[in-house]
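Two complexes come next, and they have one chain in common, chain A, joined by chain B in the first and chain C in the second.
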Partner chain A sequence: MGQRKRAAIRDSLANQIMDGITLGHQDSPKHNICMVSDFFYPNMGGVESHIYQLSQCLIERGHKVIIVTHAYGNRKGIRYLTNALKVYYLPLQVMYNQSTATTCFHSLPLLRCVFVRERITVVHAHSSFSAMAHDSLFHAKTMGLNTVFTDHSLFGFADVSSVLTNKLLTVSLCDTSHIICVSYTSKENTVLRAALDPEIVSVIPNAVDPTDFTPDPSQRDDSKITIVVISRLVYRKGIDLLGGIIPELCLKYPQLHFLIGGEGPKRIVLEEVREKYQLHDRVRLLGALEHKDVRNVLIQGHIFLNTSLTEAFCMAIVEGASCGLQVVSTRVGGIPEVLPKELITLCEPTVSSLCEGLEMVIARQRAGTVPPPATIHSRVRTLYTWRNVAERTEKVYDRVAKETVQPLHRRLHRLQAHCGPVAGCIFAFIAVLDFLFLLLLQWLVPDSVIDLAVDASGPHALWKRSGNRKHSV
Partner chain B sequence: MTEDEFTDINGKAISLQCQSHSNFCREFTVSAPKLSLRRIMVYTCSVWLVAYVVFFFTQNTAVLSSAIFITLVGMMLHIHFVKIDHETLLIVGSLGVQVSSSYASGRESTTFIEMSKIKDIVINEAIYMQRVIYSLCILLKDPSDPGAVSTVVPLFQSSKPRLNCLVKVYRSCQEILAQC
Partner chain C sequence: MGADSGPGAPSAVPWRKVLYERQPFPDNYVDRRFLEELRRNVRVRHYRYWGVVREAGLVAQQLSCVAAFLTLWWYMDQSQLSPSTLLMAGLLFALLGYGLYEALGASRGGGRTRLADLQSAAIFLAFTFGFSPVLKTLTESVSTDTVYAMSAMMLLAHLVSFPYAQPSPPGSLSLNAALFASVCLASRLPGALHTFAMLTCALLVFALWPCLLHRLRDRAPWGFPWAAALVSLGSVAGLASLSPGGALLLAVALLTLTLLCPLLLVRLQRHKDNIHGPWDEAEIHEDLSHFLQ
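Right, the complex of A and B next:
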């Protein structure tokens, strides 16, 4: 165990040195990147960790990265994270579900100030649920900056709310330089929803930190079979299916145990099932888990079960497989692309199909024909790494930096031609207003009186050279 | 004693006066330009114009006298409570920091912070109105936990100099703080 860890450290060091050498040789352009999303730590979730890990790897590759998000309670102003990653918590009003209210205009003064003082060249917005991300794309295009957008989720086409969001997404993405999706299914979905040219959409999957999710078979009790479920307990994650599976399998297999981590409105469903079938000793609900505790729960299990009804890219199953568990999952969204066939058992999103799949894996587990956890881990650890993600994202930035941003008249033309007669005209009008507002701001506070920020990361970083001469509060 | 010209965050000219009384005692004065006659004229004229329009429709002379009254009181309040001409930071090694601001009317307000309470003087980034600016701050120690910071006292709050001016003051302050 210790040896493996040391080897991992040695590997990563070797990588760093290699990176350093390659950086020295090839003169790749360095970008000033601004990540914008409503979702960042202290909020927890997939988007948050994606932004954090990607930023860290880009800093390692010599780029300057800052993150802009909205204020979380008392956490407002400017903070620094590991490796001088600078985070702006802007005091913008939160409206619903940690997403800010959007008026298209009110965030321009602050965002402009941040973009100017940090000399941003690429604005990278994350998540289509985040109003701030769309606002920043809109303003960045008005200011003539290159834009990249990463979509983290899948949407439907049928109900009213998704029709409306799809329209907004069409408007927001119609003149964005490049779009990144996390899986091919997600790309297909986004291209259809936002009526995009597939040429400007790239697929870069998410990653997991393999050193965080190492297997430890000594932690699990081999006298029984434990199924682990870790997800938010909401409808989208298929918790109703889970409620159907538990009693059926528990009746058949007396040595079967369930370990369920996560919190949410559907917890009541699981509690009812547990009550009704008297399964208190076999179904444990752990409640909300912190990220650092996830591994400790995963290594106690034999089988990882994912019952999602829709998923763009499922990080949880990669984490499960990385801990050496057998993965059983529904065949929805981008999940079939995520893991190679021999590491995952795919089922239809119905109770009977999932039970069948689980029974098959239980039988294999009992017969002892499953590969040992260490073998699974060593397969998974090379599949998705953040360094690889950062490398591929860097290529997108390089490509985007070469493109010229469309001037206002071309943008207006494109909006009207691309987004339908009504929405196109409305948003063309808003784009003009935004441009006029920007002119007003440039007259009130010219760019020359905005102090350029001291670089914390990137090629001109002061941080490393002078240690802790500058303090952050 | 040296005097330098800088600008504040809105691009207006301000001057920084550095006075070195001794090795461990320095004084920094940031002076904003005096109240300009033009601004006073503009404000007065606009108030009076409005008053005349109202008077034209109501034919009530009380409007005019109240306009005169409003301008006078407004001007007095402005120079007494709002308009700050000089902001001074006097730092004496091993003793403390004195921060004073003198208003246009001549009124002065002064605070003194003992050196034992000061943890450090830093340049901090803050969100101010609709902008992100740099400001010089004193960090005060938390009496219960000496390692932690209890309060942040911003300096030069009315003149708001730009970064190059702040860096100059910061460097001199750090020299003195390093001695004690």
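Right, the complex of A and C next:
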């Protein structure tokens, strides 16, 4: 009885979807998108805010978006965020660095349930460090769904760990429909790592919300020059270089101050430098900052310094420039692509080169030849917007939706041809097992029996953002 | 702008590798300049065959040292070699080696005098001699098979962990593994004097000989291959007197190590494909520690 009722609801919903598709033909088709990543709120970082902002803009454009991540402590089950953005916190075991463990199979029942309940058409996975993202790509392909992957980071080729992870990435991406990278350098890197056809890799940069990062020159003390550094204090962010720059410049310029936000294992280096050169009043370590406090720190400075040793996009320098600061950065990874020459001073990743660059900017700052913060802000505010990112990502979804997902035999062939004789065969075998597991699950709990969730966002959303269409539902 | 605009977009303006400008190309556009900053095999060392053979000689001679030590132990165990003969020979070689070491070392750095050397030697000999009855009975409660297996493992560990690039001073793990194996083996010998002789011999072979060899390689490079060849030949000859089959195996292993493996290394070097580009993590080459001192 219950099953029949469910089937009836399902039929009516299916009709609605058909309506949606026919309606959609008038402007652009609407997708049911599932964002998957291990990294999401309450964790904070570039990937997390990217997923959130992109989802919000896609909802604004009329798509249905849900997010799937793993449970964070007490935060589990289903939560709703702003604009009825639905987030599934799945009970999966976290292994290392907030990334879940993977067995290639154990997440299939849960993910299948989510995909079927939410009538997902496109699975969009984020970050190559997330095991859950790779798992979901694997299962989505087994279930015949379209897949998109966004790579947020750069990786080398020289050591054993990168050889292994690159092999896994090759396997994971070899039959993914489309890949998005955040910069051209990142695209070159991903194409090489996963041996991809560059035609299926799009470059869509990250964005910054310009209204969050507005300048306020009244907050800074113009009797001194303040250099702001905001980053995690880890080796990859070049904190050792910073430890060399601070004494060099502080001895030369008595009115120079450093404001350092962020926490990490390299904090000890900065503390030692501060101790040895007695700079307690001039070098302030603020510790970990919340996202909302970043702007309040940025506007106190004149110069933003970034000493990263590797970076795919670097949102921090855009945030710094958006607050009207002069940006000095190392020339690594995708950083030269991010800001036009007049807004950034690029240096080699050495203490001497960075000091030179900083001294040049300090001289300009003293001479008063730098453009006012408001001018810089107005220049930066239009460069990277989330609306633009969503628009371009939507085009990727449209393209992907037109493609057919490879059937199993073609997929096995592709795995074997593309991933080498050993890894290819192993993963082809795993793909077959995954398919058999899916058949078993479909026999145990047929798709028709699974309850369909009501849409919280998208064309048939029950919760409208504005009240004007409330009566139509 | 979009991914589906197709690659045939108008290209009146050349594509630029920048993100801050909206360019009239689709997002998945692939320019001719794609991957132009890719560099292959930037810091690859080109090996010359005989240079590698020379370095591989060190590995071969270390293996020979282990074989020679085991041969001596076998003769001792069978009582075909008296401990006094071994001690006399050891003393002779030690004096010869010390003389050579001094002759090669132009300047005496580190402030060690001959008296200090003599003192160390005397302390070591006295203690080993005093403790040799204890060492002799050390493994009595352990079965002989276990002792042999343990020694084999330890000698293997010695060979694997030996610091071939910088043999002097011998690495602590490799030296300790070798001495542990020596103590195990020496404790199976018939008498306390045998144990003492065997342990001094182990010290000569595993601790002092690598130091001499290192100095030889530094100061008299022409002599080093000869020394390595002499040790290898000696060990093969010694083993041949025990078991011709074993000697043949050792000879094959030594030839493979010195001639075949370098050939493989040089040949396979062609297939090396290291990729470098702007995505590589920058390396800090400067010494930043002086800021903290």
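Rule of thumb we're sticking to: the second predicted complex is superposed on the first by the 438 of 473 C-alpha atoms of A that agree within 3 Å, B and C clash if a C-alpha of one lies under 4 Å from a C-alpha of the other, contacts with A are read in each partner's own complex, and residues count from 1 in each chain.
We take it that a contact is a pair of C-beta atoms (placed from the backbone, for glycine too) under 8 Å apart; a residue touches a chain by one contact, two chains touch by 3 or more.
Quick caveat, the model's predicted, so the values are computed rather than measured.
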item: Overlay on chain A: chain C relative to chain B, clash or fit; value: fit
item: Partner chain in contact with A:Pro372 - chain B first, chain C second, else both or neither; value: neither
item: Partner chain(s) touched by A:Val332 [first = chain B, second = chain C, both, neither]; value: second
item: Partner chain in contact with A:Pro217 - chain B first, chain C second, else both or neither; value: neither
item: Contacts of A:Pro459 with chain B and chain C, given as first, second, both or neither; value: neither
item: Which of chain B and chain C A:Cys113 touches, first, second, both or neither; value: first
item: Winner by number of chain A residues touched, once chain B and chain C are compared; value: C
item: First, second, both or neither for A:Thr185, with chain B first and chain C second; value: second
item: Smallest separation of CA atoms, chain C relative to chain B, angstrom; value: 35
item: Residues of chain B touching chain A in the complex; value: 7, 9-11, 120, 122-127, 130-134, 137, 139, 149, 152, 162-163
item: For the chain C and chain A complex, residues of the former touching the latter; value: 1-4, 7, 17-21, 26-28, 30, 34-35, 37-38, 274-286, 288, 291-292
item: Parts of chain A lying in touch with chain C, wherever the complex brings them together; value: 154-158, 178, 183-186, 188-189, 191-192, 198-205, 236, 238, 240-241, 243-244, 247, 269, 272-273, 276, 309-310, 313, 330, 332-334, 336-340, 349-352, 383-384, 391-392, 395-396, 398-399, 402
item: Complex contacts: residues of chain A adjacent to chain B; value: 76-78, 88, 90-91, 109-110, 113-114, 117, 445-446, 448-453, 470-473
